[in-house]
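In the part that follows, the structures are each spelled out as structure tokens.
In the two assemblies presented below, subunit A is common to both, partnered first by subunit B and then by subunit C.
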Partner chain A sequence: MDRIPILKFGDALLVTIQVDMHDRLATALEEDLTGKIVSASAKGVLIDISALEIVDSFIGRMLDNIAAVSRILDADTVVVGMRPAVAITLVELGLSLSGVKTALNVERGMAMIQQRLDASGSKHGDDDEE
Partner chain B sequence: MANETGTVASLVGANEATILPEWLDLQKKAGALQTGRITEAELATQSKEFLHRLRDGLAKGGNDISNAAYQPVRDMLADVSRSRAIQGFSPSETATFVFSLKQPLFSALNADKTLSAAQTAQLIWAVTLLLDELGIFTLEVYQKSREDVIVRQQREISELSTPVVKLWDGILALPLIGTLDSQRTQVVMENLLQTIVDDEAAIAIIDITGVPTVDTLTAQHLLKTVAAARLMGADCLISGIRPQIAQTMVHLGVELNVISKATLADAFAIALRQTGRAVQRIKAADGDKPKKTREQGE
Partner chain C sequence: MATTTRSERLDIRSSDDVVRVRQITRTLALEAGLGLVDQTKIITAASELARNVIDYGGGGQVLLDVLENAGRRGLRLCFEDKGPGIADIEAALKDGFTTGKGMGLGLGGAKRLSNEFAIVSKPGAGTKVTIARWK
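Up next is the complex of A and B:
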């Protein structure tokens, strides 16, 4: 069975979803990611869904679950690059993913995670914010 | 039946010279020309053409207007009422075109001495039924044409009234004008989200100065748009809530749960601050014009 690769990127994990998600792939990703957060002691998870064209309520819930799990494990989840059609579908499904942070692209998502790392780890970043 | 209408057909043919002027007179009396939307010559041509087609229909089609022989009559009526709907005739003005034909036809029937009283009554009844059906048909086409006009206008309005404006790098404004229904929300949402992607905008300001009323449904539509924009990674601000609307919203128990500002200018200031910019006066106390944005940290 296919698995979605999880890349370690500094203190963050980067997941790029390039294929259409089906339910088993989503469950597998959820498990892999949980394990990886612990083993890599990651502080942030970046999920890039810019290639995802179809979502259903299951995938939407999966994103919510990942965010909840990683929050428990002290990592921030940022979902980036959601397409307009996907956003409209999720809203119509009643899934506003309130626990998930969002950003427009990977660059800004990384900046968000970095900001949080700066704020919590060392207090250097505060006086010179970008 | 075919005999009855056949008689009427030959009668119409024979008495056209008296029926037509009487009919035209009646139409003029009813005010067909008053508004100046149609000229007398046009009306005369229309009436004459209709009378000819009706005669042919009567001769071949009996008293059933769905008969193929009445096709020319129906086509003509459809044309006439469609053009009148677009020209702005009222429904009664349009229907009068057909109904006013009754009187001249009846007097022509009465004037025919070869018919017995019973026959005349029977023929009048047949003609009444037929003209009533034609009149109803005219009104149906008229109504449909009016609806088409309304649908087209609605579409044009919804296209016109949902522009997304770029205020600054990464700051978009969406000035909403008119009532927000589900269909328009869909168009607005798609427009806004697509522009967020295209411009890589971080903040979108939804200005509802032009929205006349905000009820629970409108608020829900607004919230949907805000939620969708948030999912894409853009923040939404709402501005332009008028005092009365704010009161109504509180009375209705509507909560927006987003940053809202009274005016677009206030929202724009917040947006600039959130993206690390500020507006600064560069010339001292010389009117309000010379203002310029200074970009900090860049």
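Up next is the complex of A and C:
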């Protein structure tokens, strides 16, 4: 079965969703990410959905779940790159993604995660390669 | 009277079919000349209703029509299943109502995302949901 690749980027994980996800792929991503947060000691998760043409309630719930689980595992989730038409549709659908942090693009999302790392004085912050 | 300029039919049996429904809806929404936000809305509504057909109706089909009415174009989707049906449609349209594992946004959400919405259902006789989005 197809898998969505998860890249390690400093203390964060980066996931770029580039395909129209069927439900099993979404469920697999949830599981893979949870495992990877622990194995990579990640402090942040960036999910880039700029290629997604729609977010329905199933994908919305997946994003909510990932944010909730990663929070318990002490990692921040930031969803970035949502298209304006997708945002309009999500609100009308009734999905506010209240548990999920969002940023306009990867750069700003990464800055949000870095801010939290700096605030908590993480030792991992030293090997940041910017 | 609206005339149909193109018609497609698709079986909905598995979650892969939900992706197929989204793709064909996108193609036909473009053909109907819908703008980006309208396309996104009807594709999202189609995704919710297709999943309902699988989760609650035990599978079914969708009929997609590109319409033209006095120079105005639109897209109409009709989802049909032979499942257990819905006893209380009022309640099923309320956000948060679910008998399954979802969040209960599907039906009410699809209604909000459409210009036209109709539902016919009887316990034991299946469910038919029709939505339309006009340019």
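Keep in mind that, in the parts below, the second predicted complex is superposed on the first by the 121 of 130 C-alpha atoms of A that agree within 3 Å, B and C clash if a C-alpha of one lies under 4 Å from a C-alpha of the other, contacts with A are read in each partner's own complex, and residues count from 1 in each chain.
Convention: contacts are C-beta pairs under 8 Å (C-beta built on N, C-alpha and C of every residue); 3 or more make two chains touch, one makes a residue touch a chain.
Keep in mind that this is a model prediction, so the values were computed, not measured.
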Side-by-side fit of subunit B and subunit C on subunit A, or clash: fit
In the overlaid three-chain picture, which partner chain does A:102 touch, first (subunit B) or second (subunit C), both, or neither? first
Looking at the overlay, what does A:72 touch: subunit B (first), subunit C (second), both, or neither? neither
Applying the touch criterion given at the start, work out whether A:88 contacts subunit B, subunit C, both or neither, answering first, second, both or neither. both
Looking at the overlay, does A:22 come into contact with subunit B only (first), subunit C only (second), both, or neither? second
For A:54, decide between first (touching subunit B), second (touching subunit C), both and neither. second
Rounded to the nearest Å, state the minimum C-alpha distance from subunit B to subunit C in the superposed three-chain model. 7
Would you mind listing the overlap between the subunit B footprint and the subunit C footprint on subunit A? 83, 86, 88, 92
Looking at the complex, which residues from subunit A come into contact with subunit C? 20-24, 53-58, 60-61, 83, 85-86, 88-89, 92-95
Please give the residue numbers of subunit C that touch subunit A in the complex, ascending. 15-16, 18-19, 22-23, 26, 36-37, 39-41, 43-44, 47-48, 51, 95, 102-103, 105-106, 108-109, 112-113
Interfacial residue positions of subunit A with respect to subunit B in the complex: 79-84, 86-88, 90-92, 96-97, 102-105, 108-109, 129-130
Please name which positions on subunit B make contact with subunit A in the complex. 186, 189-190, 193-194, 196-197, 200-202, 224, 227-234, 276, 297
